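Both complexes shown next keep chain A, but they swap its partner, so chain B is in the first and chain C is in the second.
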Partner chain A sequence: MSLAALRRLILIGLMLAIGAALATAHHVFLTMGNLMTILQQGSLTGILAIGFTLVMITAGIDMSIGAVVAVTSMVAVNFLSYTKIPVLLFLPLSLFVGVVVGSLNGFFITRFKLPEFIVTLAMRGILSGLALMIAVRDSTGFIQNVYIQDPTYLWFGGQAGPVYIVTIAFLVLAFFTQLFLKRTRAGTNIYATGANPAAARLSGINTTRTIVGVYIFSGVCASLAAVFISSQMMTAMPDLGIGTEMDVIAAVVIGGTPFTGGVGDVWGTVIGAVFLALLKNGITVLGISPWIQPIVVGGIIVLTVIADVWYKGLAEAAAARGARRARDAAADGAAA
Partner chain B sequence: METKTAAGRVLLDCRGISKSYTGPQVLDEVDFSVDRGEIHALVGENGAGKSTLIKIVTGVTDRDSGELEFDGTAIPRSHSKKAAQELGIAVIYQELSLIPGMTVAQNIYLTKEPRFRALRLIDLRRMNDDAQALIDRYGFPLKAADLIDRLSIAQRQTVEILKALSDRASLMIMDEPTSSLTSAEATRLFDIIRKLKAEGISVLYISHRMEEVFDLSDRVTVLRDGRKVATLEKVKIDPAEIIRLMIGRDLGESDRGRRMTRKAGEVVLDVRSLSSPGLFRDISFELHRGEILGFGGLVGSGRTELVRAIYGIDAYDSGSIRYLGKDYRPSVRASIAGGIGFVPEERRLQGILAPISVTRNIGVANLDVLTKAGMVSGRRELQFARRGIALMNVKPDLPDMPVGSLSGGNQQKVVLGKWLIRDLRLLIIDEPTVGIDIGAKEEIYAHIEHLAAQGVAVILVSSDLPELTRLADRIIVLRKGRIVKEFDEGVVSEEDVLLASSGIVEGARR
Partner chain C sequence: MNLAKLKAALRLPAVLVALMAVLTIVSPRFLAIGNLSNVLWSVCVIGILASGAIYAPITGGIDLSIGSIAALTGIFVDLLMNRAGVNWLLAIAATIALGAFIGLFNGLITTKFKVNAFIVTMAAKTYLYGIAMVISQGGMKSILKPAQFLAIGGGRSFGLPNPIYIMLALIVLSHILLTRSSFGRRAIAVGANEVAARLSGVDPDRTRMAAYTVSGATAAVGGIVLASLTQQSFAGAASGIELDVLTALVVGGTSLMGGSGSVVGAFIGAVMVAFIGNGLNLLNVPAPYHPTATGIVILLALIFNMGIAPRKRGAAGGKHLRRTS
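What follows is the complex of A and B.
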């Protein structure tokens, strides 16, 4: 069994165990409504995390995604209420916010060889200011939230049967992104760029284009998440989504995509996102203070990384032993 | 025995040092000593065991057996870098061990800063004064308050030396200290080295540049295949003699070098007056179908830069390239599409995608063939990988294994294999067998020869002289970015190539 498969099995086992514990602890947990809410929450983080996964595979990081959610939701909700252009025309325009931000991130990172963290952190600051600037204010200067009334827009926050639309969108996006990563040339370029940019360039891969591409994709994922979040909340606020980077990083890291690049996939991230949503839901269901959630999330990131480092040490020792055995066998063969 | 070294003139005394990592003996019963105030050169081909010997002396690696004595003190089999430093053994690195954001004084006194008695705060003024006094004593053009970032490589080297002096080092080890210096800077370094000698400090000097070795050294020790071949006194130092000792075959045998042949037939690559400022100048050559063209020269002579420009990784300034009879503007993509393969030097840094599977490593150079409408065929990719693995005899033959977990030889087989399963017209290989065991080496040689026999043109850059003379049909030697010698007829020995590389082209030959 591959390492990634083993990791997923362990995570799913853990989820079942935690779920069983929560089910016995509180009767609300195992209701259809609650389970669907977990999936909905997991999906919102998960859509962001899918874009983030691709960035992490190139050994980069995108700290701007939360602020992209804020700006996109402000643009979408405010402009929609003023311009009254049809939603189906307007949504692609909202996603374009992500394209623009991602292009800028990618441009500064590749053109000026700046650290990804700094560029996207600066972008986060700029965007969160922008989100405040474009907010609608009343005569006294207080921000007035615009409420969404358009039924097509509100549909995105709704359900199809028991399942939330966002969950369906998340799984569809995950499926196609995974296919893209594993089966297309562009996907291969992402892995190669993250594993060793120098070697990738020598194999004819345009690493600049690849890096710009993953930041654009990450931006678009954030904008898409913004549409779902604002629709679910029926409004937009200038701080919507800011701070979600933490949950997103946790989901990706739990899912087995390391910070070192070249490794990782989307299904791991999907499981990571649902796992995280389950934990947070458990904290709520048990009636524990919600302030403990970020502590748990931070703790999980550290624990996962410790486990990964520990496992990597074991795996390397095993590989070294294997190589020695192979060499000895070869030497014996040569002697005989 | 102790009295002999403690009071005598011997500073470092190695007796019967042996070491093997895994498999072959890297050092075999080496006896070697450095006197007080002596400049002692250590020479030998790549892989002769020089670095390992240095590592043992400086405490980086443990020896398997043998006695080591420094300044009359016996050094235990396993001693630390710090212990070696405290004894007075210093290694002068080029720049790695200095901290760029700090001043010269801070670097010299790092971890031993003078401090006030109260609160143990660092006494910055005293540190600067001490550093400046040290600098002035040797007359270096440096200021104690200069930031390391602003210094040239040569100046950084002097800071390294100052740091060692402040540690009261009695032995300074310099490994290829002039490899990135200009000739004026190198001359200045030699003055410094002589000054150190006058102060009674010993210098162990490792270099491939013969003329430096002859100019500077009191004695020269030659290592070959892990054994000490000879230690020669200054009066007996003769360039040709040393080179013969390094290569280590008797004269009769060394004449047995390979016969060079100029192949006729289709010209695959025609390079005319290719130049790139500071890297290489006015390089012209033709390469024919089925020909293996070797590039010899010292590290830093411009060979790697030249082949990188031909493959399209770096731009060149002027000159022209014709490939398969057409004008060619190189780019990596055009090169791959046009049937040129490239195996870079430094496998780990440029060759492999370490965390990724063997399959993908092979697939990544073949995406053009494996992709239809943007989709990579996983089934065909695996077929390709299996072909590459079988062709190159990669062990273990697991397509899913991350390449980083393979041994060095097998990593290189993967890098080579991804090109060999393509339809190649030209293969460029740069130092293909560095750090690879003999078995894998032979396999790689067999593949290169087989490829040439099939009509593929090969450019081989190598500092491994036996490799170069064994494989190449023709050898071009570069020195300081220019072609200094082309061997295209007659028998060429390793000695000939080394003499040309060192700039002693004919003079020293009998």
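What follows is the complex of A and C.
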């Protein structure tokens, strides 16, 4: 069994164990409504995390996603408040926010060879200001929390049967992104660019296009998440989503995509997102102070990364032992 | 000092003077002593944090937890003085020790487990914020005594607010540490070329740990000054300040790839960013535009600095802030 699969099994086992513990601890946990809420919360983080996974596979990082959520939702509520344009017409336009931001991120990173982290962090600052600037204001000039009433828009936050629309969207997106990563040439290019950019370039891969591409995808995922988040909350604030980067990073890291690039996949991220949502739900269900949540999120990132490093060292030692044994066996065979 | 070096050294001050000239032309109020002193005062916490936070980027890492450390230590010093009744000087010493310890812990995880510095410190930023929330019960507390403590941030000496002296002292100290001490030399060596540094007898891990320890300690000093200055402590006190510090560092010519940096540059960078904010205020530009302006300044400074800072994105490059080994 591959290491990644084993890691994933451990994670699912851990998830079941935590679930079982929570179920015995509190009767609310195992209700249909609560389980679906966990999936819904996991999906909201997860949609962001899918785009983020691709960025991380190229060994990059995108700190601007939270601010993209804010700007996109502000664009959407502007359309809702000031125009009569139907939702299905302006939604693609809102998603365009992610395309523009992703292109800019990719441009600065590839054209000027700047660190991904600082470019996207600067972009985050720019966008968080922009979200405040374009926020819907009342007649006295104060920022207004728009109450979203459009039924088409609210559909995105609704349910199909017991399952939330966002969960379905998340799984569909995950499926196609995984397919894209593993079965297309562009997907392979992403892995190659992350594993060794110089080698990728030398073997004829257009790494610039690949990198710009993943940032655009990450931006679009963030814009998409913005629609779901704002329709679920039925309102949007100018700081909506800012700060969710941490949850997203946690989901991706738990899912087994390392910061070093070249490795990782979407299904891991799906598990990571649900795992994180389960933990957070557990904190709420057990009635522990919500202030513990950041401690858990930050702590689990550090623990996962440390565990991964330890695990990788173990695996490398095992591989080295195996190789030595094979070499010895071959030498013995030659001697005999 | 040869001519090229002199030109590089004068580049930033020249930009600062040019910026001041432009701001003076667009707003005559800019050059008033009161306004300049205000700007210097508003930048003091950023300057204090930057004086120590610079060592992480110089060694090729980054410290994003300084804002949370500052908030946490602000709460901690208040609890020590006003809940536990510890003498204010002792409380300050213990608080700086706490900051240094948090920094050391960051450094320990980064080096011993070979984890990317920015993820370690960003995770630290998150959980330290949570800890600050828990010990402050999520509330905001006024600090009303002791008077000596409040004088640190609120008092004036020789006509200028005290925090300005603290900032200038730390900047000078850090400048000497970076340019004249063996620790400064080692930090630059580790950031410039870890392998070469190790081969010449420098322990990269210990140097890095020291860098994060210094960063944590100055963050604690910043937290103390901030708590004393605002006379309050809460978990969100300095949230996001790491971005301002980073801006100051980057504008000041510190390379985020490691191996180069200037404390004086960081100070000028902080003042410049404050001038831009101040200029926007004087021009009646609404507050929402400020983060946007800061973000644009970072990007421009990065692009502008590319000519100065050594390029280190060769075959092994393409990875942000990544260790070479």
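Rule of thumb we're sticking to: the second predicted complex is superposed on the first by the 328 of 336 C-alpha atoms of A that agree within 3 Å, B and C clash if a C-alpha of one lies under 4 Å from a C-alpha of the other, contacts with A are read in each partner's own complex, and residues count from 1 in each chain.
Keep this in mind: a residue touches a chain if its C-beta (ideal position, glycine included) is under 8 Å from a C-beta of that chain, and two chains touch if they have at least 3 such contacts.
Small disclaimer: the values here were computed from a predicted structure and weren't measured.
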item: Comparison of chain B and chain C by chain A residues contacted; value: C
item: Partner chain in contact with A:Ala198 - chain B first, chain C second, else both or neither; value: both
item: Chain B versus chain C as contact partner of A:Lys182, first or second or both or neither; value: first
item: Which of chain B and chain C A:Ile126 touches, first, second, both or neither; value: second
item: Which of chain B and chain C A:Thr260 touches, first, second, both or neither; value: both
item: Overlap of the chain B and chain C footprints on chain A, listed as residue numbers; value: 198, 260-261
item: Touching residues (chain side chain C, partner chain A) in the complex; value: 62, 109, 113-116, 118-120, 122-131, 133-134, 138, 243, 246, 250, 256-257, 286-296, 298-299, 302-303, 306, 311, 313-322
item: Touching residues on chain B, where the partner in the complex is chain A; value: 22-23, 311, 313, 332-333, 335-336, 342, 344, 349-356, 360, 363-365, 367, 371, 374-376, 378, 395-396, 400, 405-407, 418, 437, 439
item: Touching residues (chain side chain A, partner chain C) in the complex; value: 59-61, 108, 112-119, 121-130, 132-133, 193, 197-198, 207, 246, 249, 253, 259-261, 289, 291-299, 301-302, 305-306, 309-310
item: Chain B-touching residues of chain A, taken from the complex the two chains share; value: 2, 182-188, 191-192, 195-196, 198-205, 260-263, 316, 319, 322-324, 326-327, 330-331, 334
